[in-house]
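Structures given as C-alpha cells follow.
Note that subunit A is present in both complexes that follow, paired respectively with subunit B and with subunit C.
For the complex of A and B:
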C-alpha cells in the first residue's frame, strides 16, 4: 500500500489528512519526479523531520529522513532557512563595505570569508599587498583554522553523544579567539582584512597571548584528542561509516579535508598557491580510508601542520607597513576576478565582476560547505538514524555558508 | 461621614493571624481537657495503640515504605548535584555555584523550576496514557527500593524472593517509557520508546543471568541473606568469586539505567529527548527523578550483590568495650555534663591564649569551646558508630554505593554513545554467552567444592 501525501497547496489537505502524516507534508506540490517519489510512502516507512530545529543539525539544516524502523532509506535535505542575501547585499555596497557582509557567512571561520573577496578585489585593482600584511594574514588565518578544527572535533563527539570534548574544543577556540580579539577587536566577526592589507599591526597583547599558547598548543591538542582517538566506542562508530571513495569525491567536487581524507591531496594552498604560502614549509596530510574516522583524524593532523606554519611565520615575520596605499573610494577597471583560498572546510572562492563603478557588479561566493553537503544524499541511505549525525558531523558543514 | 473601623483593622499583620489562631488553640485545649476528663481520649488512644500493636508487621511496612519514599527525594537531589558538579569539573568548568554553598541547592532549584513550569499536553496525545506514563516509571523505581537493605535490620521488606521482586518491579519501568513514547504523538518519542523497549528487554536477560551465580553461592534470593553470606572481610565479597558476573552485571545495569554510553532512549543528538520529548513540567520531572533514583538503585544493588552490602571491608580486629554506663552515675552525670565543657574549653584555650599574646582570654576561650564541641561531637559519633551496627552499616553502604554513582557520572562525562545495532550485538553476542559461561562455571565449582 502506498500513501501519496498531498501538498499544502491543496486546501483539502488541512481537512482530510490523517494527523499521523501531517508533519511530513511537503511545503509545495512535488516539482520533480524525484520529489514525487520521495514523498510517496511505502508500507512501514515514515518521514522524520530532522531540523531545522534539532539539537544537532549544525545550524538550521532540515533533513527529511525516510526511515524504516531505525534504518534511513532516503533523505531530502532542505536548505534556505538561514538565507540572508549576503551576495546581493554585497552588490549594493561599495567594495569596502562588501567585505563586512561576508563575515557572518561561515561564522566559525570568518577571517577566511573576508580574505577571498579581499583577494578578488585586489586582483581587480592590480594591488600589491605589503609582505608583512601577507604574513599577518597567513598567521591569523592559520590560527582560526586551528580554532575551527578544534571545535569540529568537539562537535563530532557531541553528535556521537560525548559531552566533554566540545568543551575542550571550546577552550582551545576561546584562547585563539581571545588573542584574535586583541588583534582585531572582535571575537567572532573580525572584519580584519582590508583591500590592500589588514586593519592594524600586531600588538603586544596578541603576541604575548600567542607566545603563551604556542608553547603548549601541541601538547594540549594532543591531550584533548586522547579522549576520542583511541576510544573503542568512537572508533567503532566512525570507522567504515560514510565512506567516500576517490571517484565519488571527485564526482561530487568535494574539497578540503573531506577530499583529502579520500586520498586526493588537493589543497588550494599547494595547488593554486596564494599569499606567502609558497615560502612556507608544510605537509598536506591525506588519508586513504575516506570514512568518518579518517575525516576526523585528518583534521587532527591539519591542526599540527597549522601550528608548524604559525611557528615559521613568527620566525620570518618581516618589518614594514601592513596596508598598501588604497583610496577611500575604489573604482577598479571593468573586468572580472576569481580568488580561491583554502578555508578549514575546503576551497572557498569569490568571483567578482567590476563595471567600473565603486560597487561590484557581481559578487558571488563559492562556499565549500555547500559542495560538501551534497555528499550527504548518497552517503545516508542504508545507514542507521544515529549515523546520520555522525556522517553530517564528519563533513563539517556550516549552514551560514551554505545558505548565504 | 463615618469610617467603619473593624477591630481586626487595628491589628498588625502578625496579629491578624495570631488572634484567630489563639482562639482556635484555646478551643482545642478545652476540647482536649474535656476529652481527657471524660475518659474518651485515653480510650481512643488505647484502642488505636492496640490495633497498631496487633498489626505490627503492617505498621512496620508502612513506616518503612514512607521512609523509602521520602528517602528517594534527597537521593535524587544529591545525585543530580553530583552530576552537575562532577561533570563540570571533568569538563574544566566551574559548574553550579550560585544557589547555596558551592551550588549545593542547584538541584533543589531545578526541582522547583520543574514544578512551576506549564504542564503541557500536546494535541493528538493519548491523554490518559500520557498522564500515567511518568507515574508508572517513577513508582516502579521507588517500589524496587523496598527490598534494598541499607544496614543490618534496615530494609523495607526482607522478601525471600527479593531478587526476583527487584527485577520484576524494576522491569516495570520500561512499560512507563513505552507508554510515554507511544502516547506522545511524536515520532521522536515513538523511536525513543521503541529503543527503550528493545534495550531494556535485551539487557534484562544478561542482568538477571549474571546474578544467578551469586544466588547459587549465597543459597538465597533474599538480598539481606546475600549480604549476610558475604560477611567477613573483603575477600568474602562475591566480586572476588564472581568477577565475570560483576562485569556483565555492571554493563547491563548501565544499559538498564539508560546511562551513557547506553543512553539511546534519550539520545539528544539523534532523537531530541526520546520518550520525554513532549513532556514538560513535573511530568518530565518524574522521568528525571526516576532516572536518578534508578542510578542509585542499581549502584546499591551492585554493592549488595558483589561488594558486601553494609559489611565493612575489613572487620575491626580488636574488640572495643566502652565501660561507661551513664545511668549509674546519678547526680555525678549532671556535674560532668556541666563541668566537662568548662574544663575542656579552658584546657584547649590555654595554648591558644599563650601562643597569641594579642588575644584576650575570652576570645581564646570561645575558640576553645568551638574546638571542644567539635571534639565532643566526634567522640559521640565514634561512640555511636561502635555501639550501633546499623549506623556503621549505613555509612558503609552509602560510601560504597556512591563510588558506583560516581562511576556512572564519570562514564557520562567521558564516553560517547553506542549505536543501536552495536548495543543489541553486545547484549546478545557477548553479555548473554558470558553470563551463561559464568553460570556454568559457578555450578561446576559448587559441584566440585561442595558436592
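For the complex of A and C:
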C-alpha cells in the first residue's frame, strides 16, 4: 500500500481540522510530566484560553492560563501559530536570498534580522565591510530601534487599556519608517543589508527628513513620555509587577532591555562590540527594580541613547564606497560562523554553517523574543489575570521571531 | 407630502403620490408582482439654493423603475424637490453597510503593523468610515487577514470567519495571504487564503503601504454598493476544488 503524500493544493490538509484544537485541554494524552501536571485540575481551578486571536497577545500567541478565582496559578504558552519555516527556506536559497527570508522574523525591527545573518556570512567569507557602510548600518539600525521602542511604549499602554499613547507611538514610528523608505525603498521589510555593505548610499530625501526629525526628536519623545511616565493608573499597574531579580534574569538567559532593567549592564554593543560601536560614545542605561515599570522606563532611556548615537554617526560619517567587491555567486569556505548583534529585544544571533556551496548548509537564528517570553511562566503565578498582559507586554515579544 | 399609511396596503399604487388615480406616468410595469418600495421622506436635507432640484416643484419621479426607465437622467436629473428618495431596501442597507465597515482587529504577522498604522493618526482610516476595529468577531463586518497564514493558524482563522455574522467581507492583505508570497515554498504556510475561505478584495504588497490598504478597503466599499445586497457572492480562489 502506497502512502499518499498530501498535496499542498488540497485545502483539506491545510487546516488542522479536529475541533478539539480549540479546547484548552489538548486532545492527546499528556506527553511530559509538565503537561500531566498542568492539565490536571484541582478543586477551584479552571483553564482559560487566551489567544491565538487576542488583541494584546502581540500576534498569534496562545496562552492557556490556569486560574484560581482571579489569580493565575500557572500558565502554558502554546507556540507555533506563526511558524513559517524560515530557516529551512534559507537552506534552499543562496546566500543573498537567505537574507530576504530572515527579513520578516522580528518584523518590527527587520533591519536587525538582516544584519545578523549578513555579519555571519561576512565572517564565512572573511570580508571587510567599507567604513561608510558600517556607519550607515549603525545609523539605520539605531533609527529602527527608536521606532521599535516608540511602538513598545504605545503597546504597553494599549495592553493596559490606554488607547492614546499608541497614536503618538505610531506618529514617531511612521515618521522613521517613511524616512527609511526613502533610503531603502520599503516601509517595513527593508531588505537593505547586503553581504559586504548596504544596498544604497544615503540620499537627499533621507537626509533632509532625518535632519528635520532630529531637530525635534528629543522634544517629541519627552512629550510622548509625559503621557505615561507619571500616569497614576499606569504606574500603579506596572510598578512592583513581574519582578525579575538578577539571579532569575541570568538563569533564564534573558537579554536586552529586560536584563538591563534587572540591573545587569549586558549589552552586545558593549560586551562583544561589532561594527563601529567601539568608536561611539553611549551609555548602557540600567535599572535596579526589575519590574514592568523599570522595563518601560529603560526603553525610554535607550531611545535617548540612540538619538545620541545617531548624532555622533552623522558627524563622523566618512566618505567612500558602501559595498565591498563581492561576486554575485558566493561560495565561502566550509566552516562555521557566529554573529550576534543587539536588537531592540536583546541579543540577536545567527549561527551559519557553510559546506562550500553557494547555499548555506544550515543557519540558525537565536532570537531574543523566544528567550524573553519564557520569563512569563515563572512570573505570572500569584498575579491577577488582568496583569498577564501587563507583564507580557513589558517583555516586548514579537511572535514572528519566536515561531520563526 | 407625507406618507399616508393607508396607501401602503393598496396594490399597484405607490404611497405618497399626489394623484394616485389619475397619473399615467406611475403605471406599474406589467408582468409579475411588484414589491412595494420603501419611500423615505426627506426631512434631513434641503438645498440652500431654492432653485435647485426643481425649485420646489412637485416631484416627477418617485420610484426606482421610473429612474431606470428614464432615457438619460444624467447628473442633473430633476427629482423634484427631493421630498422622497426612491430606493430598494437592499440599496439603502448597502449604503449603511458600506459607510460603517467594522474591521476585525486580528493581525497575524508583519502586515498587522501596517494595518494598525492605517488605523492611527497619520493615515487615519477613520476618514473613510471604517474605523472601529473590534476585537470580537461577533461585532465585526470585515476580516482583514493581515499576515502569513500558517497551517496551524488556519483552523482558528476559519473559526473566526465562521463566527462573524453575515453580511461579512474578507480582505486578503499582503502577498502571503494572496498567494503565499515570499513563503511560497514553505512547508507550513497556506499558499493563499483563498484555498480555505472566500476573499472579496486582494491587496498585494509585502507589506502593502497603508495607502494600499485604504485603496483596497475603498474598493470593497465600491463592491458592496455594486453588488446590491448580493453580499454572499464572492470570488473563490482558482485553486479550491469544488466538492460535489
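Everything below uses one rule, namely that the second predicted complex is superposed on the first by the 381 of 404 C-alpha atoms of A that agree within 3 Å, B and C clash if a C-alpha of one lies under 4 Å from a C-alpha of the other, contacts with A are read in each partner's own complex, and residues count from 1 in each chain.
The rule we apply is simple: a contact is a pair of C-beta atoms (placed from the backbone, for glycine too) under 8 Å apart; a residue touches a chain by one contact, two chains touch by 3 or more.
Note that the structure is a prediction, hence the values are computed from the model and not measured.
Between subunit B (first) and subunit C (second), which, if any, makes contact with A:82: first, second, both or neither?
It touches subunit C, and subunit B stays clear.
Name the contact category of A:159: first (subunit B only), second (subunit C only), both, or neither.
The answer is first: A:159 touches subunit B but not subunit C.
Per the contact definition in the header, classify A:180: touching subunit B only (first), subunit C only (second), both, or neither.
neither
What's your read, subunit B or subunit C touching more residues of subunit A?
Touched residues of subunit A are more numerous for C.
With both complexes superposed on chain A, which partner does A:52 reach: first (subunit B), second (subunit C), both or neither?
Once the two structures are laid over each other on A, A:52 reaches subunit C alone.
Go through the superposed model and pick first if A:167 touches only subunit B, second if only subunit C, both, or neither.
A:167 sits against subunit B and subunit C alike.
I'd like to know which partner A:227 touches here: subunit B for first, subunit C for second, both or neither.
The first partner, subunit B, only.
Considering only touches as defined above, state whether A:104 meets subunit B (first), subunit C (second), both or neither.
Once the two structures are laid over each other on A, A:104 reaches subunit C alone.
Name the residues of subunit A shared by its contacts with subunit B and its contacts with subunit C.
54-55, 167, 171
Using the touch definition up top, name the residues of subunit B that touch subunit A in the complex.
Going through subunit B, the ones touching subunit A are 87, 90-93, 124, 185, 187-188, 191, 194-195, 260-261, 263-264, 267-272, 412-422.
Under the touch definition given earlier, write down the residues of subunit A that touch subunit B in their complex.
19, 23, 46, 48, 54-56, 69-70, 157-164, 167-168, 171, 227-228, 231, 233-234, 236-237, 384-389
Contact residues on subunit A for subunit C in the complex?
Within the complex, subunit A touches subunit C at residues 8-11, 14-17, 21-22, 52-55, 59-60, 80-86, 88-89, 92, 100-101, 104, 107-108, 151, 166-167, 170-171, 173-174, 187-189, 399-400.
Name, in rising order, each residue of subunit C that touches subunit A in their complex.
105-110, 112-114, 116-117, 120-123, 135, 137, 147-148, 150-160, 182-183, 185-191, 195-196, 206-207, 209, 239-241
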